[in-house]
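Chain naming follows the written order as A, B and C, and within any one chain the residues start at number 1.
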Amino acid sequence: MIQIENVKKSYTDEVAIGPLNIEIPKAGLTSLIGPNGAGKSTTLLMIGRLLDLDAGQITVANMDIATSKSKDLAKILTILRQENHFVTRLTVRQLAGFGRFPYSKGRLTQADEDIISKYIDFLDLTALENRYLDELSGGQRQRAYVAMVLCQETEYVLLDEPLNNLDVARSVQMMEHLKYAATEFGRTILTVLHDINFAAKYSDRICAMKHGQIAAFGTVEEIMKPDILTDIFETKIEILQGPYGPIAVY
Amino acid sequence: MSEFTQSNPSPVRASLPRKRRAASAFRTPKEAKHYWILLVTLLLLGLLSTYGLLVYNNPVPVTSPSFVPVVERRMVAIVAMLIAAVCQSLATVSFQSITNNRIITPSLLGFEALYSTIHTSTIFFLGAAAFVNFSGVDSFLYQVAAMVLMCLILYGWLLSGKYGNLQILLLIGIIMGTGLGSVSAFMRRLLAPSEFDLLQTRLFASVNNADAAYFPIAIPIVVVVAFLLLAHARRLNLLAMGKEVSTSLGSRHKAGVIYTLVLVSILMAISTALVGPLTFYGFLVATLTYQAAQTYDHRYVFPMAFAIAFVIITGAYFIMNHVFHAQGVVSIIIELVGGILFLIVVLRRGSL
Amino acid sequence: MVKNVMPQTAGFESIQTRHHSNKLWTWPFIAAIIAIIALGVISLFTGVYDIKGQADGKEMFFTTRVPRTLSLMLTGAAMAMAGLVMQLVTQNRLVEPTTTGTIEWSGLGLLFVYLIFPAPSLLLRMTGAILFSFIGTMLFFLLLRRVKLRSSLIVPIIGMMLGAVISAISTFIGLLFQMTQNIESWYIGSFSNIQIGRYEYLWIIVLVTVLIFICADRLTLAGLGQDVATSLGVNYNRIIFIGTALISLAVGIVAAVIGNLPFLGLIVPNIVSMFRGDDLRSNLPWVCLLGMGTIMACDILSRVLIMPFEIPVSLILGTVGSVVFILILLKQRRSKRTTR
């Protein structure tokens, strides 16, 4: 369970986030949605300890992220940002191998290698595993990063806009993988999404943010209501019942 | 398997049994083999030119009693080259990894300006006699300590707090360098031409004015720091992936960066104090290293960087001494080549 | 039902900037002009030579003091404007002749002139400096267009490394032909040698200034990139060419007549925009004035600090400038949001 209590973050006098109070239960896929500048990514970064809090407390699986050791947290929590560029040239497998760092400290055992193989196969990267990242397409690279994050075998996985720059087919594929990871591997996945309909189709829960506050939190059915979405996005939104569940139309 | 074949995740399959799958430092065994062949060749080349520098064109025959003193004098220059090679190669590679940028070098952090300020102010305020005397073990330790202390204060201050940012640190380092540079340039202008010449010889990097008296302190420090960096290699692999990824993987990024920077500044300070300022030598070495060692892993990058640094410096001195008979300009030529390589790399890069 | 999502503050701000650009002759501006005139008068009467007491005082006054004060004003305006134009074209606040290698290029140009001609005239040296600064600045702009930048801070870092490459080349050539002390003394800018007959080329700067005023808007557009500029009907390549030519004229002339004047082009436009916001056109007169004021103040300091000797003004500029530069960086770091 991720518990957020009275968390605040202020950038300037006008732009501030919080106080946030929310409990995100264990297991399943939770999506963070909301308009630009609502504070979704900031919230995610704070949970992932990439951004310091100005006030309040965040605990993940009863560990306070501010006081717990980073290497202990790395075994229960991982975060992936939307853009990663590093100058070192890595192959897909080497990148995924870094996901084992919290356990192996860089000395990979056979057990580590088996875990790496498992997730590389799961994400359909088997044939590409010895390719360099800069030789891959955007969708393939994104899956390679997800492979690294899954190799970390943490209970909690935070993803900041994993569908950024992916086309519809690649987005569907990515969400299927994430959904599968949540249900079959028992991960708790928290992801920032821009597309309400992707959130509606694949999430177990949706958390909507607006003006640095949590506007609504609940199951897909509870959030996918015209009045709630219209209010959050300040745009007229209707809900239709499609073959795979509710669809937002705007 | 193409991307298009399926949109549903495949169930987890057993690993393919055909070949051993491992995330090793090299992509293929062939690349690993290339690495080792290249490394050994470079080291042999380095040893060859070292041997050449020691005995080639020795004015006295081997049988003469003065043969050994000549070799000993040349030995000092070789040791200075070795120290410079270790310091510049390890420092530049580590620095580029933690800054996640392969076109900047630690010499940007103002060591040279500080170095030339120390020397210029010595000759300026205390006169030529004191300047010539300012070359004992104490002065060496004092110079190194001053440079490391400045870096510690700078890093500690700039990287702490919520606005910590490596690029600001770099830029401030450069600007401070320029500021100090203008102070020492002014002092230099007021010097008599004879004093200026005296200063000039010390400000140009040269293994020929390396003082053997420093070796008993410099060598142990360099060995210890080099060992610490090698032991730190796996951590560096992670730090090179940037703050966000390495934090998510459980590394205390800021602590790792500051630790690395301190080691880098010790190496740079010693190199600068021993053989004078070098700006693009480290860049030249690091850039060639990334071409030669096709791996991310610092455990393999470091030895290759050292081998390349060693070959470049000994080879350049050997060729310039014995082929062109132009001993004084070796470091300037290395700098020139490094600088031109820098231009080429920057112009060819897609992003900075 | 669609709610009005237009933020209130944006409209308010745009009215503010419009207000700025309409009024130039405000009280602060008049006060600034008076301050500049006062500094000019102080500059005229500062120096070792007793102008009022000596018989030839009046003559000395017109052969050295007046040219010196005039060239200070012209140079200050030139360097500050050059910095501003570079910042406009690159859309980067930390760019100016010292952080792009332009200064080093003009030094290399001077060196080449010294190499080719035994005793070059001022005109020759100027031509060399202008030509090489043009090449260098153009090269830097081309580089910026080619590469994708991850951070605006990397631009001055690369620029200064480029400058280091160029000075490595200069050092090498200087050492080959034994001219290193020549380069050293060139890199130090000073007004102490200015007198009638040695500064007149600086008047070209007035022309450059007028041209910059005329082109200011188009330069701002060019700074938004080739695509935006072209779609707004501006010939991008031509305006970049003109901008670079103007910068090199200013930098090259100053380099040949005075020497290296670091950071002036950086601190002046930044301080102006700190107080007045980013409306560049209406900032131009302010940049000119503050450039003049800064360099006059530094020059007066350079004459009185160790009287009867003089400190080259570039030393004071280098020291003061680097401190101000660092303060600007720290301020920017505080106000800027790195992540969101």
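Keep in mind that, in the parts below, contacts are C-beta pairs under 8 Å (C-beta built on N, C-alpha and C of every residue); 3 or more make two chains touch, one makes a residue touch a chain.
Bear in mind the structure is a predicted one, so any value in this text is a computation, not a measurement.
Set against the Cα centre of subunit C, the chain with the most distant centre is A. Relative to the whole-protein C-alpha centroid, the nearest chain centroid is that of B. The geometric centre of subunit A is 40 Å away from that of subunit B, both derived from CA atoms.
For the pair subunit A and subunit C, the distance between C-alpha centroids works out to 48 Å. Chain centres here are Cα means. That of subunit B falls 34 Å from that of subunit C. Residue positions of subunit A touching 2 or more other chains: 50, 85. Across the assembly, subunit C contributes 150 as residues in contact with two or more other chains.
Counting partners per residue, subunit B has 101 as the residues that reach two or more other chains. Subunit C contributes residues 94, 98, 143, 146-151, 153-158, 160-162, 164-165, 168-169, 171-172, 175-176, 180-181, 184-185, 187-188, 262-263, 311-312, 314-315, 317-319, 321-323, 325-326, 329-330, 333-334, 338 to its touches with subunit B in the complex. Of all the residues in subunit A, the ones that touch subunit B in their complex are 48-50, 52, 70-75, 77-81, 84-91, 93-94, 96-99, 101-102, 105-108, 113-114, 116-118, 121-124, 126-127, 129-130, 132, 137, 139-140, 149, 152, 169-170, 172-173, 176-177, 180.
Of all residues in subunit B, only 1, 3-4, 6-10, 12-13, 15-16, 21-23, 25, 27-28, 96-97, 100-102, 162, 234-235, 237-238, 240-245, 247-252, 294, 296 touch subunit A in the complex they form.
Taken in their complex, subunit B has these residues touching subunit C: 101, 103-104, 108, 163, 165, 167-168, 170-172, 174-176, 178-179, 181-183, 185-186, 188-189, 193, 196, 200, 279-280, 328-329, 332-333, 335-336, 339-340, 342-343, 346-347, 349-352.
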